[in-house]
């Protein structure tokens, strides 16, 4: 098996029943258990905290579509040049959109994607959250409201962008490797 | 009451029993309910995900002392110039260390704190995680091992630094205001 | 037909015989005429100057393999976030290497590719040529010699990296669009 | 003779007839053979590709005057801090304009030159092409059209700026030295 | 006694009468002799030049209040992350304003202070003077005039901001340590 | 008469006797009264504070030669792209060194000047003082000691570099214009 990170942190063995079940669901639905989950599985409390936050943010109820949340994920990961997250979430954008070029544009330069005003505003904000959050002022939030977003939507854009600023850094700091299956998905 | 953020996201009302209990514990132990928790309380699932991850990272078992984790928190928040987190976690460093100047140095320029080689290595890594995580290579992790850290410690440094890169961005993107009580604590 | 750039600069019509022949060869060998060539074809002198330089650099005799030159092309284009060149030359790396993940790593973060010391030195230099050429000193060139490169090889690394710093900027300044066929090639 | 670069790449000896003729023309017209040409003369194909592109861009037909093209050359070279190109093209600006202070301003800080709105727009675009080409959007091109430039002019501004982003990097990566005669010209 | 800098530059001994008197006044008025003065006291000409400029700028006649000048001092020192000046002038802002949170905001992120349009314009200009003075154009000065500042006020904002860009660098380059008394003042 | 700055701050009229004398000395020695002095002459206290500090730093006793201090001045002014100071102090380097190319190299890219190890160390430190003073640590000072500088010399390098970080910013913020005579001096 390929290494899944640069740290020597083996999975809890045996995995608790609930974790095994969860990994089984991943295998069924995605055809793989994402390496990031195997990585966190050296400590089940940390794994559970990560998946609880991830699943709420990316799959829970929101004014943003799942595709939009994945678009934010890839744009942030591209700015931070996170290998793991660009590979895994680039695949998700291709899959959810059925548009491989859209996934590539999120990785390479989101300004070249064909986006409407709403999604342009969304990614402009996500980029500022990533690059210069200290300079965000009320006018930046108002620009989102003007593009049709509610305050709850703004919270969701901010927290998805922020989450990948965390996740990118854990992945890069620990040298995480993505599952190789992602590369050829939905091309 | 002062606004706790720039978004109009009122707390769930009434709060669930468990949340009320948790806020009560905060009030007893800290003398206040941190505004970040009141902020997240517009959605209890999000609040619980946040506190589960926070409490594990900052208060759970680790080779890093609680003070060291707070030092990382402030150094990261200072680089990102997050108003909320510098105020709240600066106070925590002053309190846990009993050394007000140490808290100030974490906010202003950590290189001026009197640190041993271990803590210098830890904050050097946390700074790189924050500023240029894409350029982290094995030599950076090895420098931590050479300073006496285990692979699990490296994971903890990485994930505390990464967590505040998330938390800083949520706070700045949503315009969070810290509880004013922090300013005068442990001076 | 899709726009190939944001400028209204139609191809010379009819194209000169030699250009038509050259485009025919492209079509036969690559299955497409690269949009960058159609773009330059508003002025045949410019087209010829571009192809002469390109073909010498990328296909002419050199101590660098064609794959190595394409790797430099993509790393530079990724730093400059050039949409056109990442798409077109990312495909070339996948094709020449038969390793789709290598192409992805050049686009996303070259430090995650499995490279030997020679290629690491080559891309380290190409990155410095791109980001901070004014700070290149003799020690940077010596590092290449120590990795086994001749002075002629150093010239070639420098000029391939420099060429894409030009080409990226023409493409981005004029809003060039890559041929859509590239996206699915060699996945 | 002074070294003309840091690489050991001697000129082809004897030079081909056509090259000797071309160098003779340079000597007659400029009073010197620019070191960049002697540098490329280790490989006549590369020399010819370079001069073909250079001569078309800088001396061929264009809506930009020769002085304007040289102004772009110096502004780009100043941002990239290229020793060779600032010296050689700074001299050209002084010579073509008859205004030594203009040449100095292009080197030192172009915002202090007395420029009309057209040339200000031109150099603003050239600066963005150099510093952050990935962020160029239609509004940047439109600003040039509003200042009176045609789409062909925009192509020329982009490609002159882009060319010096190449040429600066070759010169800096190979340690090119300008002919000393430039320093005192047109002061 | 704690070291006041990283350089071995002992004070003139004995101090001249005038210097002793001046230090006595500091002790009476501030409760301490600022370490920066003791630092410069290795050379009385340098000490006098520094205090003459400082006292005129910070205490002399101006359209800016003393508090406003200290606010600029801290914002500049925060951008430059100068340990000495953030500590000493942060205390001054707390003292002059009677508002500890204002001093903290100047150190941590001035955009979170409650400021009127005039002071926002003033600090926006001071930030640009610090970060990118070469890009200041007439429009930046006009913005200050529009906010109610005279040309003399603009000079004062510029020169206070510029002075701390000097003072921060002397302090950081020489490793100056602030008097520890500052930390607890006016909390 | 050309404007000497963008601010409407006329000289005191009549100038005090001492100022007139001082300007007379400038005229005799330099052939001109530097515009920076005329600029400050709207307020004689400010003018005197500036000249006292300037004359001590640049002309007073020091282990650095006057040429070395001017070299620092130009390197700092080039990083900050200050029009006034590059013009005026570039002329000073040409004049004091009798080597026009040295003045040009300080303006354009100091790494291309032929410098010994001592001067290379000096300018490396001056550059760090200018760009990232907060990251200066003891090793940076030790590198100067290893190159033969005393602690007093280190203070002088630091304070000359710091002074021009001030002076550049006043000049750029106020739009100062250099005397045109400088351009042709010592070419």
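The letters A, B, C, D, E and F name the chains in turn, as written, and every chain counts its residues from 1.
Operating definition for what follows: contacts are C-beta pairs under 8 Å (C-beta built on N, C-alpha and C of every residue); 3 or more make two chains touch, one makes a residue touch a chain.
Here the structure is a predicted model, which is why all the values come from computation and not from measurement.
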Moving step by step through touching chains, the smallest count that connects chain B to chain D is 2
Neighbour overlap between chain E and chain F returns B, D
Farthest CA centroid from chain B: chain D
For copies chain A and chain F, the superposing rotation on Cα atoms, rounded to the nearest 5 degrees, equals 180
Expressed in whole Å, how far the mean CA point of chain B lies from that of chain E is 30
When centres are defined as mean Cα positions, the distance from chain B to chain C in whole Å is 44
Here the gap between chain C and chain D, centre to centre from mean Cα coordinates and rounded to Å, is 22
Among all residues of chain E, those touching at least two other chains are 81-82, 109, 134
Those chain pairs meeting the touch criterion are A-B, A-C, A-D, A-E, B-C, B-E, B-F, C-D, C-F, D-E, D-F, E-F
Interface with chain A, chain E side, in the complex: residues 109, 111
The answer for chain F against chain D in the complex is residues 78, 81-83, 86-87, 100-101, 104-105, 107-109, 112, 177, 180, 183-184, 187
As the complex stands, chain F meets chain E at residues 6-9, 42, 45-46, 48-50, 52-53, 56, 60, 80-82, 125, 129-130, 133-134, 136, 138, 141, 151-152, 154-155, 157-159, 161-163, 165-170, 172-175
Residue set of chain A touching chain E in the complex reads 134-135, 137
